[in-house]
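We call the chains A, B, C, D, E and F, going by the order they appear; numbering starts again at 1 in every chain.
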Amino acid sequence: MSRRFLPSLPLTLAIIIFWLLLVSEINAAQFTLALALGLVIPLYAARIDREFARIGTLRPLPKLLVVLVWDIVMSNIRVARQVLGRESRIHSGFIWYPLEIGNIHGITALACCITLTPGTVTAALSDDRRYLLVHVLDLADEAQLVADIKRRYERPLMEIFP
Amino acid sequence: MYVVGTAMLLALWRLLRGPTVPDRILALDTLNVTAIAELMLLGMHLKSAVYFEAALVIAMLGFVSTVVLSKYVIRRDIVE
Amino acid sequence: MEFAIASGIGVLVFAGVYLVLRARSFDVILGLTLLSYATNLLIFSSGRLTVGKPPVLQPGMEATLANHTDPLPQALVLTAIVISFAMTAVSIVLAMRSRADNDSDHVDAGDVRDEREAGR
Amino acid sequence: MSQLPILPILLPLLGGALSLFVEHRRIGTVVQRSVAWIFMLATLLASVLLVARADQGSILVYLLGDWPARIGIALMADRLSALMVLATSLLGAACLLHACSGWDRRAPHFHALFQLQLMGLNGAFLTGDIFNLFVFFEVMLIASYGLLLSGGRGVRMSAGLHYVAFNIAASTLFLIALGLVYGVFGTLNMAELAARVATVPAGSLPLAKATIGLLLVVFCAKAALLPLYLWLPEAYTRAPAAVAALFAIMTKVGIYAVLRVSSLMLGDDAGAMAGYGWDWMLPAAVGGLALATLGVLAASRLRVLVAYVVLVSATTLFIAFGLRSAGTIAAGLYYLVHSSFVAAALFLVADLVRRGRGDAGDALRAFAPAPGVRVVAGVMFLIGAVSVAGLPPLSGFVGKTLLLQAVPEPDIQWAWPAILGSSMLVIVGLTRAGTRIFWKPAPLRPSPAGDGPRNARGRLRLPETIATMLLLSYGVAMAVAPGPVTAYARATAEQLLAPATYVDQVRAALPARRLP
Amino acid sequence: MLELMLALPFVLALVLAILRDAPARAVAWLAGLAPLLALAVLAWLTPAVMAGDIPRAMHEWLPQAGLAFSLRLDGLGWMFAAMVLGIGALVVLYAHYYLGPQEKTRRFFCFLLLFMGAMLGMVLSGNLLLTVVFWELTSISSFLLIGFWFHRDDAREGARMALTITAAGGLALLGGVVMIGRVVGSYELDAVLAAGDAIRANELYPWILGLVLAGVFTKSAQFPVHFWLPHAMAAPTPVSAYLHSATMVKAGVFLLARLHPSLAGTDLFFYVVSTVGALTLLVGAWNAIFQHDLKGVLAYSTISHLGLITLLLGLSTPMAVVAALFHILNHATFKASLFMAAGIIDHETGTRDMRRLGGLRRIMPYTSALAIIASLAMAGIPLLNGFLSKEMFFAQALEIEGHEEMRWFITVAAFLFATFGVAYSLRFVRDTFLGRGPRAVEDEVHEPPRFMQVPVAILVVTCVAVGIAPQWTIGPALATAASGVLGEAVPDYSLAVWHGINTPLLMSLGGVVCGVLLYLVLNRVLDLHAVVRQSQGRRLFHLNIEALFRLGRRFTHTVANGSMQRSLLWLVLVAIAAGAAPFVAAWGEPREPVAFVAQPMVRLAWVLWLLLVCSALGTLALYRHRLLAVLVMGGCGLAVSLTFVALSAPDLALTQLLVELVTVALMLLGLHYLPKDSPPERTRWRRLRDGAVALAAGAGAAALAWTMMTRPPTNAVAAEITARSLPEAWGSNIVNVILVDFRGFDTLGEITVFGIAGLVVHAMLRHARMAPEKVMPGPPIKLPVPADLAQMMFPLTLVVSIFLFLRGHNAPGGGFIAGLTLAVPLLIQYVIQGAASVETRFGFDYIRAIGLGLLIALFGGAASMLLDLPFLSSGHYDLELPLLGTIPLASAAVFDLGVYLVVFGSTMLILSMMGTLKPSKKMIAHRGTIDPATRSAITGEAS
Amino acid sequence: MNVFWELLLVVLLLVGSFFILMGGIGLVKLSEFFRRLHAPTKASTLGVGCVLVASVGYHLFMDSDPQPRELLIVAFLLITAPISAHLMSKAALSLRMDEWPQLPGKSDEDTHVPPRPDGGDDDGY
């Protein structure tokens, strides 16, 4: 029943928050409207969604976010240095990142994390969803990088998207 | 603002210069992103909130042209 | 500012007209699109140029043209944009069909074909 | 508050929207056609009422949104508008009838597009706002693209491309002109514009002239005046019959707009702007007439010939209106209505011939169509040709005589030879076409290439015949009882030559609820 | 009564047209009924006319043009009416026997009655415009009659030639008549006839005369346009007997007689008319001698006699007019009978070629006798009617006063006329009826059915009767007719056969003798049978007409070859001219300085400017590589959007941005089916030309924009809108208020356009068979990561869309923007997930969405009409809800909802149609696949 | 307090602008597509993020529109940037830029896609 009328609670919540942020006023009317939207839109969105997110636990999320923001800032600085510095010192290249996580949302989130962190960008996902092709701006130690990604992002994500 | 403006010009240079198609797509994408920043700066400069919608729409949908162009490059047929 | 807009319009018209006079349907469509940018700018500038005074009324700000730019041309441009978009869509599809049916994307493809038929 | 002026716009819109709901294959053609006819007849009724109201002499001003005309949009139903709307509806009814013989099932969305085309035409005739005129131009044009292209293939597509691209370019120009109009005059209402044109400061005069000049160029392009007529023959030739027939009124929209703008803004009250543009338009009209006439002679297919006949009538109208006297304008209006009907009828006849001759189409060589078609089509062609060539006793003669009579003394020396000479050559062209199409016997043994009558589908469909006859009968009626039409045309011309009334009526129109 | 008389032929023609399967005899009876009944009416009116009365009938037709349906029967009209109807009745009788059973007699009689009616109308008409109407009707109906045997080339050509020439004359006549109307102020014949002096004194008189005479001469086959008449002989003989002897060709001289009181009496008239008449007379008579075709002889003889009549009318003396009228009657009788006889001969022997005929006297004695008598009348032999009028002509020629040279000229012409007339009559008689028997004709030649001869006999008897006892037979009629032209000025004249021995009689005798001699000499010396005379007129006409057609074709093909490039070039050129002309014209004039303060240009604006200009030029530079051009144009769109933002137009910027996105998508969708790049230009010259044109256009546009912006604005309207927006339209976003309220009607039209665009695209693509230009090998790619993200975004964009819609009235947004904001994310779904996958999940009837949107907008606007307010009058209502507080509701929002739906539906319809085209397998193979290895990274295309 | 916030805003703006500029410079300066891809997509993300946060703060204090709506822009950017990057790199890969000889400063390692560790075949990229 609840799947039918409430396909995705996170989505509903997101919509409500989203709406209230958008209108930037919190009163009864707007809240009712937000609620209505939050209930109705997922029903329609469900038609497009192929695989709805099933959330395991949200516990690792805060830590993941902090790590991510920190990484973004740090690697941004690094990239900035690289950009300003001499280009010949950069050694970039592709690596195939072996995935453990199988949930497509997890993969997506991981790909996002990799891409958002400067210095790495996901270029492709293999058809069998077992490898991510990652381009690395400055490829110093391939194994180290893979291990970092696994530790910092993939593990927490596997908890969130089992 | 001028800094961002400069960034836009750099992107424009890449857009016109190429050399490859993805480079130009990238430049267009960058133009979009810098435009958002520029709009917000303008909003601050003019103390006005009416630029929000424009920035929001660029942020939300500006990537569409990137997606469409890339897809064209990949497959020629953008809706398969 | 006025000079910039006027010259921008001029450049757009220049590029647009040149492309409109090309022989291939797609080039013509590109040209028409550029021309429609120019048109939009021109209509827009008919309300004269004002920076930072959008025609959105705010509480406490008197509803006069001192505080707001002329809204009418904006509405006109909006209509113009929509209409030219509709026309662009139709012309693109038409270019596709003409290409598919007449085996050429030359704008005068039909004539070429007619002549060929007549020559038979 | 009378809602009459807006009905010819809203009814087809409603009809078009509803058509979209009933056009599913399951619902069946009967329902589709019923919807189409209900709204067609309702529009016709509204136009008749509108003419009746307009003929009382006052100009109906309809303030949309209850805003004063200067800040909102006003519809203006004067005699001219009402006449054009009625002509459109009459023509539309016949075209619809013709289409109901089968084309409407082959062209997707035909009924919706058809109704919306009527909406566009009526809107263009009724609006009193120049930007709104643009909008309705576009409604009309895009619907015409649809009607032209829907269900078509092959060469029609490239002809369509020409038509569409040219019109888009012209519309772009229209927009540029409109931008200038607002920038220079600060208003879009045509009556207000008329008032402001007269008081334009000397410093702005060249700009104002350029603005109005560009507007006129656009309208002339739509009206297919020299040298902007090159788009017309192809487009009209390739269109399906019912659509080509409806297109007969499309060039008239451009002429209407020229007449409207020039009578309002370039009239005698317009100060330094009075008469601007006509110095160029009259020679262009004469040149256009010459070329159109040559086109009639050159035509290798009946459709092309009729398309050039449309051009001949359009350019003749420019001459009539360009002489700018009440008499010539009145004659021109009569001629306008008549020529729309007759040209439309000829398009339908051409289609009959095309079908009746199988592979030979409507080419002006070869032979007569199948006997079943030949007689009826021949008689209808004869009537149409006599009308359009200006031979008595049909409407063309009346129009031509009125025009000849009204040409002012000093202009006789060029206007008469132009009019009579073109008539003469049109007769030559039509005679040749008629004798070749209806009088030439089919070869006894069809050649193996297949251009014999083997493929002829020599069967008349009743709606087609009735539709053609209906159109012809409009013309015949205009000839048998020309009094009302000419009287109306005369009154219209006088109304047009007194634009001050128009301006005053607009300014005097008060909103129902709002402050003025 | 006059109406009845005139209506009879038309009504019966209609009856014939309607009756489908009537037997031939009934058809003939019905056809004959028209002239017979009309004759009865005429007879009933005759006493009054003879008494000098003029019966009239008057009905308004088009008073504004002076065109009235007014009929009047004066003497002249009476004479012609009698002739038209009398000979008409005989022709019907004759034709019934002439036309074979397989002929379409019904149609023939229908046309014939039509013609009879037209001719009758012309002679009865009391209004000059009405005369023109009937005049042209005779042209049209004679065209149909001449072309009756339309399967024959000569019939078609003859008909066309006749129509072309006579219709041209008709147009000239129309011009002349309208001029007469200008001078006189009325077209009523009475007024015109009374205003002769005014007409002759008017400076337009030469024009009037020229135009009217052009009509007269063409109709009556006068030199040099006489050549149509012989070619009209392709008509069935009854037609020739009727039209080309008695009626249609007489229409011209009728009109000349009719307008004689108004136009005649000047030197110009005298010289022109009599010279043309004299020339025609000679040319016709001379040519008649050399014809081999029976009808050819008769046709040229007719030309000659028409020339005589014209000449007489040109002489203008009362006596000459009487002679003209007399000769009209005489000629009608003998020529009609001769034509009929020729028809009988043709009918019976199968040929009209005199070289193959002869000796018919023995085979068909009765017909021969009649024909010989009629020929003698034609030759002007005494005791026949032709002699009398010829005598009068001679007398008039000798009596010309004041124009010595004309007197000589015309007298000589008269003598030659007599001579030639005798010669060709002689030839006609001898070659046909005398001598050896017919050669190479079908056997069994015999007399025709008796009733076929009756009309001939009647006519011949008339000839003889008039010739013997003119005063007794024709006197009253002639007097009546003459009074119709001359009024009170009818001279005393004697219609006696014998006037004593005088110069005219001697001339006649001399003519007969010379004629016989001429014939003998010609026959011996030249061997008449061997002379083949080409009609120069026909050849010239043909050449001219063909030249005309060729000219038309050449012009049309060079000017209007259907080239779109040329159309557009002209449009641009004309626009440049129209824009520049006023400035060029005002170049030298002093210009007042304009108080103009430019907006300051910040450096950032230059960035935008650079972006705009560079990407515009970039597009231009890269246009041949289409993908790149689209890409760079994206920068252009962005620049325009940002310009709008910078210049205080957020709504515009949003719209431009969204439209830009969709446009790029559309272009790429289209590009899949179009060649990847444009071939290089053909010629450098063309590039330069277009470049120059474009440069001029660009400079012009910039100059116009600059000039406009430097003028002080006149924005009272904008000020009023701004002030009234919130209090009266309840919206803070003035642009949106304008869109849905002040100028909501524009928006209604605009969404209609948009909706139609969707429909058009749908209609064009639904059954289209298209093949992509090139296809990539391999299956469609899957994009799981972007798909997942996009899927996450979709509900959020939906929220934004609703937000933009709801807030639009007070902040940037509104139905249009919101609709696109909804459509674009869906487009992304199409792109990333593939169309099939989206459409199966998100089945949406876009067409109905468009319809629904239009309906909602319509009803939203029309709601106010219930309150008797105009369409689109906005209402405003604050909905008080217990928990939620006040919710403002504006009727404009309903309208905007319609906009929203239409925009969404139409955009999606377009995108989905373009995205889901299913190409045919065959066509893919035709165009081939792309080898990824050959693609260039620079253009993205296979090289 | 105010000074502190203002200072923070200024710092945010400076940082944001700096990174945006970095993106632009990187876009122009770097020699090869995949390297260029790094610079703007992320530098811009952080840069724009900073600017937006600054904007939120600014409007909060300037009281012109004291709402944190700009955060939504950040959210959207974070979602869309990976999509763009992903597709652009796919596009670049599909054009096989590694086989294109003339790029300046190009080294093999940059554009050479190593074989999959498990030897799997992946044509689709």
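Keep this in mind: contacts are C-beta pairs under 8 Å (C-beta built on N, C-alpha and C of every residue); 3 or more make two chains touch, one makes a residue touch a chain.
This one's a predicted model, so the numbers in the text were calculated from it and none came from an experiment.
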item: Those chains which touch chain C and also touch chain A; value: E
item: Between D-E and E-F, the pair joined by more C-beta contacts; value: D-E
item: Farthest chain (mean CA position) relative to chain F; value: E
item: Distance-to-centre winner among chains (Cα means, whole assembly as reference); value: D
item: Chain of greatest Cα-centre distance to chain D; value: A
item: Distance between the centres, which are taken as Cα means, of chain D and chain B, whole angstrom; value: 47
item: Chain centre separation (chain B, chain C; CA means) in Å; value: 21
item: Centre-of-Cα separation between chain E and chain A, whole angstrom; value: 74
item: Cα-centroid distance, chain C relative to chain D, in whole angstrom; value: 27
item: Junction residues of chain E, two or more chains touched; value: 562-564, 568, 572, 630, 646, 650, 669, 671, 701, 704, 708-709, 713, 715, 717-718, 721, 742-743, 746, 750, 753, 756-757, 760, 764, 781-782, 785-786, 789, 793, 796, 800, 811-812, 914, 937, 940
item: Per-residue multi-chain contacts in chain F, two or more chains; value: 18, 25, 37, 41, 45, 65, 69, 72, 76, 79-83, 86-87, 89-90, 92, 94-95, 97, 100, 124
item: Residue list for chain B, restricted to those that touch at least two other chains; value: 6, 8-9, 19-22, 25, 27, 48, 50, 56, 60, 62, 67, 69, 71, 73-75
item: All touching chain pairs, where touch follows the definition stated at the start; value: A-E, A-F, B-C, B-E, B-F, C-D, C-E, D-E, E-F
item: Chain F residues touching chain B - in the complex, by the definition given at the top; value: 13, 16-18, 20-21, 23-25, 27-28, 33, 36-37, 40-41, 44-45, 47-48, 51-52, 54-55, 58-59, 62, 64-65, 69-70, 72-74, 76-77, 80-81, 83-84, 87-92, 94-95, 97, 100, 103
item: Chain B-touching residues of chain C, taken from the complex the two chains share; value: 51-52, 54, 56
item: In the complex with chain C, residue positions of chain B that touch it; value: 46, 48, 50
item: Touch list for chain E against partner chain B, complex; value: 603-604, 607, 610-611, 614-615, 618, 627-628, 630-632, 634-635, 638, 641-642, 645-646, 650, 653-654, 657-658, 660-661, 664-665, 668-669, 671-672, 772-776, 780-781, 786, 793, 796-797, 800, 804, 811-813, 817, 821, 824-825, 827-828, 830-832, 834-835, 911, 914-916, 930, 937-940
item: Chain C residues touching chain E - in the complex, by the definition given at the top; value: 1-30, 33-34, 37-38, 40-42, 44-58, 63-65, 68-72, 74-79, 81-83, 85-90, 92-97, 99-100, 105, 107-108, 110-111
